[in-house]
Amino acid sequence: MDQYLPILGLLLLGVLFASGSLVASAWLAPHKRPTDAKLAPYECGIVPESEPPQRFPVRFYLVAMIFVIFDIEVVFMYPFAVVFRQLHVFGLIEILTFSLTVFAALVFLVSEGALQWGPVKYLTPGMPERTSSSTIVRIGRDDPEQAA
Amino acid sequence: MNVPASWYLILAAVLFGIGAFGLLTRRSALIMFMCIELMLNAVNLTFVTFARTLSDIGGQATVFFVMVVAAAEVTVGLGIVVAVFRRRSSTSVDELSELKG
Amino acid sequence: MTTVPVVSSSITIPSIHYLAILPVIILLGASVVLVFATALVRTKVTQFVASSVTVAASVAVLVVTYFQWRCLDSSGPSTTIAHAIVLDGFSVVATGVVAVSLLMATLVAHDWALRERIVGAEYQILALAASAGAVLMTQANDLVVIFLGLEILSLGLYVLVAFDRHRHTSAEAALKYFLLGGFASAIFIYGAALVYGATGSTNLSTMSYFLASNVLTHPGLLYAGFALLIVGFSFKIAAVPFHLWSPDVYEGAPTPVTGFMASIVKVGAFAAFVRVLISALGTQIDTWRPILWVLVVLTTVVGASVALLQRNAKRMLAYSSINHAGFILLGIWAGTTRGVASTLFYIVTYAPTVVATFAVVTLVGGLGDENHSIGGYRGLARRQPWLGASMCVLLLSQLGAPLTSGFYAKYSVLASTIDVGGSPLALIALLSAAIAACFYLRWSSALYSDEPVEATRIVVPLSTGIVIGVGVAMTLVFGIWPGPLVTLCQHATLLFTP
Amino acid sequence: MAHVSTLIVILPLLGYLLVLINGSRLTERQIGYVATGVVGLSFVASVVTFVLLLHRHSRQVTVHLFNWIDVGTLHVPAALLIDPLSITMCLFVTGISALIHLYSIGYMHGEKDYKKFFLYLNLFVFSMLTLVLANNLVLTFVGWEGVGVCSYWLVSYYFDRDSASSAGKKAFIYNRVGDVGLLLAMFLLFSRTGTLTYVGVFARAGSLSPTVATLVVLALLLAATGKSAQIPLFNWLPDAMEGPTPVSALIHAATMVTAGVYLLVRMSPVLAISSSGRLTIAIIGGVTAFVAATIATSQKDIKKVLAFSTVSQIGYMVLAVGVGAYAAAIFLMVSHAFFKALLFLGSGSVIHALNGEQDLRKMGALQRFLPLTFPTFLIGWLTISGVPPFAGFWSKGDVLTNVFEHNKILWVLGVVTAILTAYYMSRLFVLTFRGTERFREVTHGHDPHESPWVMTLPLVVLAVLSVLGGLLDLPWIHHDSLAGFLSSTFGYVAPLHAQSTLSQYGLAAVDVAAALIGLAAAISIWRSRTEDERLTPAFLEHVWYWDDFYDATIGRPLEELAVFSDVVVEDEVIDGGVMGLAVGISRSAESVRKIQSGFVRHYALAMMLGTAVLVVFLVARVS
């Protein structure tokens, strides 16, 4: 049992520290919250109507997410590769089903435009037809329905 | 050199504890994810260790599943963070307290 | 370190009983089909098509459960895929409940999606996948499979909760749910790892066999493990003090999702919880009972009393569902066959009731899904008698009024508790029900208030109307005539294999 | 057979639902015919079932519909028990109901809530049949309550009249007191025998100790006194005459009020064990018969007279049950249903003709104006008075013969009651149809007119039945008639000492003499007067001051208690306590709610704390 005492210890430590820091911050922090004026970027002048935009590369995260998922799915290929001869046809069907499911996800991503680089396009909910491709086609051709 | 299994277990426990600790203390949603990942990996280490002491392949196989689940969680989590960030321009979870009571 | 031999000379492929896993295959298959359809069809998949596929899948699952039941009658319960999946009465009934919840929730969400002008089949894809996870949980006979089911269920729900892009509370709720859910999952699987270390297997049957035939000299590892498992489950079923996510998430999520979540998570999590505690850790009942005792007391009392303070319908229902979770736990606490049967009965009757309740809440919420104060219900039954009366019946059922299914459900869990000498616990739970009665009655009487309120008439779309009607009908039928369902639930636990 | 017998019950329900759902689309006539038609069909189904049952070897069939309640050891099926007793009840209940439905089409014509009336009436028939056909006490109880509530609704049918609504409440409350008895009997039986089906209870009746059996019988008697208006719970019935006359005829004369007797007869195997219980029943019956008859002599309202007469006649039935003459009780029940329904419908016809007037003093000489009502009423009068060869003579004679064998005192009481019966009925008859015209004021000088055919047809049918009803069970063919048919359902029939034919004729002669004495006295006295203080003393007119007695001993103290509870207990103790508790709960809930701060990290911390407590707890257990 001794060997698990560290778990306990750490759990307790974590709890104590976390609760301690919360309590301490409640006690020690100055009770006066900074006023709006103090928080404003400029002490005088026009009150900004919106927060200044920060850099947040959504696309970067998106690709990272996609990468992670496909990267990890492949992990199942290794054990399969090791024993695929012994699994015979069953294994083949199994891995094909698996691949198909993963592939479905990929196809979905492609169709959503997640893998397209370039300017970010916002899909406005409620207006399904108005994607960039359909807009472009509509300029070029007269019949949007046919294009869609 | 033969490292006793209990060391691995203790290491895993410590990792798990650090993860839990981080989750309680950090404000950034992204770092909180990382903490969850850390906890899951500590679990993996535990599984592998036990698999070895028990000479049972099951524990190792479980690790695969846990890894995949961890990856899927990251993906979903990042998606949600992105959705939140688009509105809030911040990933601090302390700013998300509109729902309460 | 020596290398671990991973390649054994020959692998025997475990036999697969396809009928057992057919529900999961159908649900996931339908989900994948919809993904392909979304990706490959140039026009967006319409709500109608997506909902139809989902409805068809859930009906198919119901049909399959019928055949599973027949199979059980003839050949008894069995395990398959190296004992990781179990086919028994309990799993079949719980699977049926999941299918019914999915069916009803999809119909509600269909109208909601049309109202909110949501395009695409993403909602249905995720709902199908989450249901597959719930079904997997009901059938799992292995901690790892339970974990997988739990994750499939949760991951789908995280996204569904964030589905409403017009309200930022939706994303907030999703992030909270996700962070805490991930935390709980990690705790759960760590518990599984520790139990694995203590018993040498993650399989529930093997574990139960091991614990029955061995006396652990150092049960600390096992106890620590299953404490963590209990935490994981308690989070999912929102037992106090692991419930804090639930009111926020219930409020933030789109209302149809809330209804879906409230029913399906309860079914999946409770089914797995019962299996772990009763069939795997049944020998340790003296150890986990005190824990459950405290959980029940906290859950019922806190759920009921905090609900009193709520002014938001969804939040109030969240606390009410916490209170219900406490009641369902009572059946597990009893740990007897009768207790399990009453737990199952509670789940079976609660799921449709709660989906139908949230269907009404969805309608009252109106465009934008934001009108959720209790005040919005004032005089509803005067303006629209059918809708108001339905809501009233559903609320009374949750209150546990006689002639509704909620009454017999509460009665049977309490009776099974008293059977095993849990009178004080039953008394506390009853007191909490009395507290809960306050807000249910307040709400029901608000429905019949005759103060003139300026309100627009709520249009009840067809499929939502059907769901409400079916929910009310089930509530009343099982309330007036619970006999067959009770027999079914008892029969289902007879087949329940430890 | 199963299907047909199920139809008996289902058809009235079907009619109810049809009218309920389609009511707004149907005309008044159609509603009436639909409601009457289903009951008529139900009667046909009863006849078919009866014929089928006659041809069966085993005359006890259980028709299982579905499992209704399965709780622990309590298994209550929804099942019908078809046996001679229940089918006999069914036949006369459906038959008379059909006739009275038909009558109501005419009587209720033009009423505001015509649809509601037939809804309740159909629901009543459904409940009554459930009561009669149920194979267990719980289902019987459902029917029992069903008829009770229908009776309540129908008594308060003219609910905008104060007297009607309070009469409804009175009926309901008295019945509730009786219901407690039925519930107690059920609890006792279930705790002792573990079952509530009749067959099961009877099979284990032998194992009941005499004390328990007596308690059960007394509880059943309490139930019967409530439903069948016996002492001490009889005074709701006269007030119930506030309802429309067809209701009085159907529910408060022919069917519902006999349910108590039916229950006692049904439970006869249990009654068999307790002789003291049966003696109590007999005394209650005999005394009620006498008391009600004395009151009936002094009432001024035509329907009140008939109401007390009903109480008195049911008293006879209960008396018969008490002496173990179950077949005689049922025989009287059936024939009473014929002639009392006839009398009520006849009085309804009279009231109809006089624009709703019910006071005997404002009638008289109606013989001339009501060519069909008069002869049929005449038959009813002679029948109830016990003049041979009408049904009343045979059935009442059967009861009195049996009583004579068991208890001479009660027999004397019975004979005196018979004289009184003949007396008050003759008074009623004479004041209504003979003497001088006193109704011109009510009819505004017009001649009263006879009722339409839908109303007179039932009168004629019932008159024929009253004349021929005696054939059901003539004394010298007991074994081949009603008594023989029913005997299999009674676990026990009190042993009959073989009576000499001579004494039987002697008893019959006494009955005839009693009837004639009463007739002669009443006719000679009331032919020439309409009121006489000496003959209608206030004591009798005010129902032995029974209501005032209850008012003083129960009503007032309870009211004072209620006021006390309202002012002190409710406001201070309960409200104070509840409010205190509520405030307490809210306060503590507020503090719990603070944890719900909205910050994820707080939530995670709570979870972590919970986990830590759990782990520490379990690890502490190990060491």
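As written, the chain order gives the labels A, B, C and D, with residue 1 at the start of each chain.
The rule we apply is simple: a residue touches a chain if its C-beta (ideal position, glycine included) is under 8 Å from a C-beta of that chain, and two chains touch if they have at least 3 such contacts.
The structure displayed is predicted, hence computed values, not measured ones.
Trainee: Hey, how far apart are subunit B and subunit C in touch steps, shortest way?
Mentor: The fewest touching-chain steps linking subunit B to subunit C number 1.
Trainee: Under the document's definition of touching, what chains do subunit B and subunit D have as common neighbours?
Mentor: A, C
Trainee: Comparing centres built from CA atoms, which chain ends up most distant from subunit A?
Mentor: Following the centroid criterion, the farthest chain would be D.
Trainee: Considering only C-beta pairs in contact, identify the chain pair with the most of them.
Mentor: Looking across every pairing, the one with the most contacts is B-C.
Trainee: Report, in whole Å, the distance between the mean C-alpha point of subunit A and the mean C-alpha point of subunit D.
Mentor: 75
Trainee: Compute the distance, rounded to whole Å, between the mean C-alpha positions of subunit A and subunit C.
Mentor: 27
Trainee: As a quick test, compute the distance in whole Å between the mean CA positions of subunit A and subunit B.
Mentor: For subunit A versus subunit B, the centre distance works out to 16 Å.
Trainee: Quick check: how many Å separate the C-alpha centres of subunit C and subunit D?
Mentor: Each chain reduced to its C-alpha mean, subunit C and subunit D end up 50 Å apart.
Trainee: Touching two or more other chains, which residues of subunit C qualify?
Mentor: Correct list: 6, 165, 175-176, 179, 183, 187, 218, 220, 224, 247-248, 309.
Trainee: Which subunit B residues reach two or more other chains?
Mentor: 9, 16, 20, 23-25, 32, 72, 79, 81, 93, 96, 98-101
Trainee: Check each residue of subunit A and list the ones that touch at least two other chains.
Mentor: In subunit A, the residues touching two or more other chains are 1, 4, 7, 11, 14-15, 18.
Trainee: Please classify the inter-chain touch graph. Allowed labels: line, ring, star, complete, other.
Mentor: Its topology is that of a complete graph.
Trainee: Under the touch definition given earlier, write down the residues of subunit A that touch subunit B in their complex.
Mentor: Listed in rising order, the residues of subunit A that touch subunit B are 3-4, 6-7, 10-11, 13-15, 17-18, 21, 51, 53-54, 56, 58, 61-62, 64-66, 68-69, 71-73, 75-76, 79.
Trainee: Name, in rising order, each residue of subunit A that touches subunit C in their complex.
Mentor: 1, 4, 7, 82-83, 86-87, 90-91, 100-101, 104-105, 107-108, 110-112, 125-126, 128, 148
Trainee: Considering the complex alone, what residue numbers of subunit B touch subunit A?
Mentor: 6, 9-10, 13-14, 16-18, 20-21, 24-25, 61, 64, 67-68, 70-72, 74-75, 78-79, 81-82, 85-86, 89-90
Trainee: Please name which positions on subunit B make contact with subunit C in the complex.
Mentor: Answer in residue numbers: 3, 9, 16, 19-20, 23, 29, 32-33, 36, 39-40, 42-43, 46-47, 49-54, 56-60, 62, 65-66, 69, 72-73, 76-77, 79-81, 83-84, 87-88, 93, 96, 98-101.
Trainee: Note which residues of subunit D are touching subunit C in the complex, please.
Mentor: These residues of subunit D touch subunit C: 66-72, 582, 585-586, 588-590, 592-593, 595-596, 598, 600, 602-604, 606-607, 609-611, 614-615, 617-619, 621-622.
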